[in-house]
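Letters A, B, C, D, E and F name the chains as they come in the text, with residue numbers starting at 1 for each one.
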Amino acid sequence: MSKGCAASDAVIVHDIEQFLYQEARLLDDCKFQEWLELITDDVRYWMPVMGRRYRKGSKGMKALDKDQYEDREFSTEDELAIFDDTKDSLERRVARLDTGMAWAEDPPSRTQRMISNVTVGHGDTPSEMKVNSNFILYRTRGDLEEDFYVGSRQDVLRSEGGKWKLSYRKILLPQNVLSSKNASSFF
Amino acid sequence: MSKGCAASDAVIVHDIEQFLYQEARLLDDCKFQEWLELITDDVRYWMPVMGRRYRKGSKGMKALDKDQYEDREFSTEDELAIFDDTKDSLERRVARLDTGMAWAEDPPSRTQRMISNVTVGHGDTPSEMKVNSNFILYRTRGDLEEDFYVGSRQDVLRSEGGKWKLSYRKILLPQNVLSSKNASSFF
Amino acid sequence: MSKGCAASDAVIVHDIEQFLYQEARLLDDCKFQEWLELITDDVRYWMPVMGRRYRKGSKGMKALDKDQYEDREFSTEDELAIFDDTKDSLERRVARLDTGMAWAEDPPSRTQRMISNVTVGHGDTPSEMKVNSNFILYRTRGDLEEDFYVGSRQDVLRSEGGKWKLSYRKILLPQNVLSSKNASSFF
Amino acid sequence: MSLDVDNLVDAEKGLIGRAIYIDPQIYEQEARMVFARCWMYLCHESQIPKPGDFCTTFMGEDPVIVWRDTEGKVRAFLNVCRHRGNRLCRADSGNAASFTCAYHGWTYANNGCLVGVPHQAVAYNKNFDRKKWPLIGVAQLESYKGLVFATFDPSAPPLREYLGEMAWYLDAIFDRREGGVEVFPGVHKWVVPCNWKLAAENFGGDSYHGPWAHRSAMSTNFSARRPRQNDVQRFHLSPGNGHCVMGRQPDDASDAPEVVEYEKEGRAAVRERLGPRIDLVRPAVGNVFPNFAFNRGTASTIRVWHPRGPERTEIWSWVFVDKQAPGAVKETIRLTSLRSFGPAGTFEQDDIDNWQECTQTARGPVARGHMTNLQMGLGEEKFDEELGALASDFCISESNHRQFYHRWSKLMNTKDWAEL
Amino acid sequence: MSLDVDNLVDAEKGLIGRAIYIDPQIYEQEARMVFARCWMYLCHESQIPKPGDFCTTFMGEDPVIVWRDTEGKVRAFLNVCRHRGNRLCRADSGNAASFTCAYHGWTYANNGCLVGVPHQAVAYNKNFDRKKWPLIGVAQLESYKGLVFATFDPSAPPLREYLGEMAWYLDAIFDRREGGVEVFPGVHKWVVPCNWKLAAENFGGDSYHGPWAHRSAMSTNFSARRPRQNDVQRFHLSPGNGHCVMGRQPDDASDAPEVVEYEKEGRAAVRERLGPRIDLVRPAVGNVFPNFAFNRGTASTIRVWHPRGPERTEIWSWVFVDKQAPGAVKETIRLTSLRSFGPAGTFEQDDIDNWQECTQTARGPVARGHMTNLQMGLGEEKFDEELGALASDFCISESNHRQFYHRWSKLMNTKDWAEL
Amino acid sequence: MSLDVDNLVDAEKGLIGRAIYIDPQIYEQEARMVFARCWMYLCHESQIPKPGDFCTTFMGEDPVIVWRDTEGKVRAFLNVCRHRGNRLCRADSGNAASFTCAYHGWTYANNGCLVGVPHQAVAYNKNFDRKKWPLIGVAQLESYKGLVFATFDPSAPPLREYLGEMAWYLDAIFDRREGGVEVFPGVHKWVVPCNWKLAAENFGGDSYHGPWAHRSAMSTNFSARRPRQNDVQRFHLSPGNGHCVMGRQPDDASDAPEVVEYEKEGRAAVRERLGPRIDLVRPAVGNVFPNFAFNRGTASTIRVWHPRGPERTEIWSWVFVDKQAPGAVKETIRLTSLRSFGPAGTFEQDDIDNWQECTQTARGPVARGHMTNLQMGLGEEKFDEELGALASDFCISESNHRQFYHRWSKLMNTKDWAEL
């Protein structure tokens, strides 16, 4: 955040942390409809895919065309993604869970989200804040299945009617080959 | 919390977070006697057991008696539990560790508690606060043994003589079959 | 912290948390040069090694010389360590990563640091604060490799020119046999 | 291919080769020769009281549904869809008229019949007969005093014969009072890094470890039990077929005060039900071959040691109590039991740590080459007519261990029940 | 040592022994007899368009570099340094004239030649000849309509012969329009707890599961597809050699509106390219033996089932689209595909859960002893001259499964391609 | 059952079959034929200076206690209770008159005697003799210049004979100055995903990788070492029995300034102790067969490669220094060593990454079929009378690797030491 009063900064960060914790608890408690209410209608909910690339300057390979060599590892917005959802598709994902036939979630996964390292910056408009956080999403299902999804998020929160809503979320999972059998949870 | 001043809410949450961090550090440092001092004499320290149930409305099964079908997965207060302790039994658990013959804890487990997602609400009396938190309790012992206990807690903190004390703790571990050989730590 | 105003304590802790989060993000983003700028020239960056010892009073063994028996498990400052670095050696570690020939880090590890349980106390001088925190350093590399380094840190932060800098860090990893193939990240 | 395990179990000399705890080939043979043939404990009837009630469990590593059908009959089936082998039911318990497989929708009623095959009429030809593809039932299923057992082996002897004289000892645990016992809802399930036999032998006969391994828990009042000087004889009983029991003295009064009171008050009724033998011994702890164990006292548990590989066991442990016991007694037993047994149990933790290390040191080829010692009281056990069991002559002994492993090695080597 | 798998695959009766999904020895034999011999899909040419472009993948469990050399020729090599066996390239993709091994610095050019050996002149004696130590190339490499395949077996038939009549079905997926298809950058890679054959058989012929297993996704509009009453015949096609395809009716219009529009507009052009057979069937889903699968529709995916042990499969899945499709169609296909397939795919999740349980219940020795059922439409399939394939006579059938496993068992038992 | 590994190790042609790094059956044979027979490094005497001092370690996968008894004699035992095989001691180090087993309380004194059996008099019959159940001692234990070694094989030759000419090279590392060396308290222990032999061969003879694999660490001053043009000959030495050493030129001065100074000052004293051979070579890095390695320089380490399955090695690594070195030299060596070696070591990281990939690419059956290349300097090595070792003729060579694997294959195939 641009340097304002430390105390008021602390309050804003606190406020946003509490928003993220409430959001996480709704998801952990499978209250998906209530979760949808925290999301703006124009949300982009996006998780790109990862790859492994040699660093620029690596001596392990000699690029044929050095100038064009890129070491970006995450896919861009028009490429493949794990999630690339709108409010509508998120709503349908939630509706699917309520059909009684979403087999991979019946009995349901049990999840626990640990949100940490929350930092806040000004957004593109006065009503928006850019929020970075790290997370561990722990999921257990069946008898002994356990998954730890560890990553970070870049959110935009927008103040609507005095309440924060999520208007953009970019989720980065740094694992190249996902070790979980699915990503059936919301991040 | 009911909407008060954001700044004072922030201070209360901060204060309780610090209490939980101090508590966690005492446990990580094996200072069990000091930990007991943070606990009221009438505490209930409770960890129910988990089960797996089809969701209500599942098409994977047809209940014979649909009205009676319940999809609750955790045991209730009068059923089996992993922990169901009083101050006295907690004290005896601690005393046991000091006998020099608590074999599963000698050499001791080394633990690291990560407390996160702390939210606070008013309690049943003015001196009490309801506190929710998530945790990862990491335990390592022997050469390579590692356990990650991931769950959530519903606490009641009571102000006694100007200090917070723990008067109720409900610990939820969502794993159905615990993958750890024991639950020899305090949560 | 010695008991001051709760609100101002909250602000200080907030401030230091934000410092630690920013530091963690620089490391997660591989911005090592910027990270070095957060470190004082006289830093000691130290991670002792662990051992397993019977508790004092254990009945599993009978010491020949009971008075001399020590159950300390971490190495001391003049013994073996995993890290024992100065600003200079940290700079050289960073420089090594930029040679294009640090094979174990090319393609680079992807890391996610979860900092939690931050508590703060007065330091030895007015410009210093003692800061304790717990961490999970998640690292993934290659296809499916994942490591969870879980531990705690005892830092000293010093105010230099109105900014916090890290002047001492002791990192405790409680695992006896490290289950990771290396400790190629900064903690 | 079968290995001869005779050189690994020398019950006569009280020596055990440690490969039986760690060798994958022996584990595989055990799955076929022990777990696929013996009577296995499934659940207590009180857990599935109503028509449609079911719970899922395992017989060895085979997943099983125990299911009370609409007529009220308890049945058990492999929890496996006949079509492509999907796991049919994914819940631990509940109530169901039928399950429908999540893959293609085949539906099975609670009597095991395949009652629905989507598109059968149009997609399958007429040779396909639903009646030929019901759930695979167990070969035999019987209850004994509320305890439901089953076996996959049609040639196994009937349950009552398999239990033999052990039946009376089960009576003395589970059928002391009118109404028998009930199991508290909820189960402790966890995975421990040891071979299952180390757990089974412990509950079957390891009186020796109590005073040392559990002294910390006893000295901090997690149990009122104290070994007594006069617990001298006939403490370990092997009623045959590998089953094992340990007893207390008949007049033992080391339980919690309210429990002692309850026991005293009911003593006559118990004697009436169980006969005079109950004046000779009070059965307390035991293991029904191979992997069903119990402990009865202020801390009361029943449990199954599910094998999960040579070095891994999944423990399922319940707390039980006489159905007609007063509420205060039930609450005392509930609390004392869960503080002693289960993942946070003050007794159980120390046991498991030892079983783990007894298993894992066998990884070393040199260590594995040295046999372990089960010689306590070797040759001193005698068949006791009054108790109907081979009995040790002292309050600590390894006589039960020897019987347990003797039975195990016979089963491993012998296909025909008649030769056992 | 080789096991005879004949008793595990009875394609004529439609019965499968479950050991093929779980037995480590069968898995090992599969590695040698199936994955080291068959033509394996490597990548799409559009992923490595320029000289020096490379991507890394696996043929079975063998790591492979696919590399376009400086002259523009696509080559494939074991991703293994000839010196001490280090993994040469550790990136997924990029562009390289050469790679240098991280251990001792041997350097290989993109034609596979060993072009640099540090200190060779002084340290190696003159018998050491760099030419004898190039990267190990695959035995054969061929592209078919942009799809790059290779085999380690020099005696394997040429790709075109291996594909046989399947080639036309690949045309109908990947070469409908001028320019063929392109693959969106990025790949879903994840590990699932099932045997790879359960995934392969599913894409090869499991029309049966759709309406039940995927009803939740269909009813919430993650797909516009609906099975139709008149999808009656010739839906499952086995063009030989274990390859399998499922079709839609030729006039199917169940895609997203913009996709339907695009298909309609291009219908004549497609017919011109593919011939009149396209008026009989619209190929949609299939599996090229052994482990390359595709689905074409509003949701379009190509994928490889990499074996990773009997109970583990690593899925690599891409989204593809006709190169000349309009931007809006491409975006619809991108979004619909990633919401259906991949780790967060609403269809894929439910499939995988079922494949997992079909695999894991086979751990039990009793469950493993019961064969699974592939009898749907048994004996009703007929060779269809027009389609050049064995065709089911109904819109759901297990005829393709039977062909898949028949081929698999032949390969497992037979060393000589001529006898297959 | 034993496999003949001759076709996997062709030391004469410098070719290695990769199954030796990955095959579970070979690993199992290795446990019996190599680790259960060879002399294994246990610890340095300075780690257990006082009566009662102990540390725990492993010989292969067998857990061992090294224990100085009350009389001051160093002994070593299997860390296994004779009763039921429990792990007796669960600490890494400490001081003890006796240990008491956590299960039933058997107590063993530091001379290995079983000195306490609870209730022995009343519970065991008189045939039970405590004397017959002491801790299992190693077959032979000897120290060489502070280095404690043991073997489980009573027929193994004495340590001095086993070391042979390697003894002098150990002198040149560990006994240069009066008082020998001391080990800094604390040990690096970590698990790495590679076969142990890749680590052993690396320290035994892999001079080749340094300038490339470690250039990043050298160019950022983590080491002052630079390979020199005149390091031309006799750099790799195989003194027999599979032991390997690499040397520096005798006048090497590439250490840190204070270390160079210290070396210079002590040069005469060293020559006096070691004789004139020290003017020909300065031993620096090496591996005592099978799994004890050392590096001496500004960075100084000793370490054991504990096998933990074909693809896993547990490294235990210490830092050592001449006891009589000045404090500043000790501190320089402490810091330089821990920054080079260990989990955060700037040298060690890159080594391990390569060993990992050399192991894991062998998972592919095709890759596994191609032998790796150890042909550098093939046929150019000669026995050097002055050095008492087979010596390479150039400063980089794979002559030591060939000797290491030659010895390994002989041990794998031969039961009788006399035939080795």
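Following the convention adopted for this analysis, a contact is a pair of C-beta atoms (placed from the backbone, for glycine too) under 8 Å apart; a residue touches a chain by one contact, two chains touch by 3 or more.
Please read all numbers here as calculations on a predicted model, not as lab measurements.
Asker: State which chains count as neighbours of subunit E and simultaneously of subunit F.
Answerer: Correct list: C, D.
Asker: Between copies subunit A and subunit B, what's the superposition rotation on C-alpha atoms, in steps of 5 degrees?
Answerer: Angle of rotation between the two copies: 120 degrees.
Asker: More C-beta pairs touching across which pair, B-D or D-F?
Answerer: B-D
Asker: Between B-D, B-F or A-D, which repeats the contact pattern of A-E in over half of its pairs?
Answerer: Copy of the A-E interface among the listed pairs: B-D.
Asker: Return the distance between the CA-based centres of subunit A and subunit F, expressed in whole Å.
Answerer: Measuring from centre to centre gives 48 Å for this pair.
Asker: Determine the centre-to-centre distance between subunit C and subunit F, using the mean Cα coordinates as centres, and give it in whole Å.
Answerer: Taking the average C-alpha coordinate of subunit C and of subunit F, the gap between them is 31 Å.
Asker: Round to the nearest whole Å and give the separation of the Cα centres of subunit A and subunit C.
Answerer: 27
Asker: Would you pick out the residues of subunit C that each touch at least 2 other chains?
Answerer: In subunit C, the residues touching two or more other chains are 7, 10, 14, 52-54, 59-60, 99-101, 103, 106-107, 114, 116, 136, 142-144, 148, 176-177, 179.
Asker: Do you know which subunit F residues sit against two or more other chains?
Answerer: Residues 90-91, 102, 189, 191, 212-213, 350, 353-354 of subunit F each touch two or more of the other chains.
Asker: Of all possible chain pairs, which ones touch?
Answerer: A-B, A-C, A-D, A-E, B-C, B-D, B-F, C-E, C-F, D-E, D-F, E-F
Asker: Spell out the part of subunit D that touches subunit A in their complex, as residue ranges.
Answerer: Touch residues, subunit D against subunit A: 90-91, 102, 189, 191.
Asker: Can you list the residues on subunit C that touch subunit A in the complex?
Answerer: Touch residues, subunit C against subunit A: 7, 10-11, 14-15, 18, 21-22, 24-25, 28, 98-101, 103, 106-108, 110-116, 136, 138, 140, 142-144, 146, 148.
Asker: Taking the touch rule as given, give the residues of subunit D at its contact with subunit E in the complex, in rising order.
Answerer: 28, 31-32, 35-36, 58-63, 78-80, 82-87, 90, 102-105, 118-119, 122-125, 127-128, 133, 136, 152
Asker: Which part of subunit F faces subunit E closely enough to touch in the complex?
Answerer: Against subunit E, subunit F makes touches at 18, 198, 208-209, 211-213, 350, 353-354, 357-358, 360-367, 370, 372-380, 394, 396-397.
Asker: Help me check something: in the complex, which residues belonging to subunit C touch subunit F?
Answerer: Those residues of subunit C that touch subunit F are 47-49, 51-54, 59-65, 68-69, 75-76, 78-85, 89, 92-93, 95-97, 99-105, 176-184.
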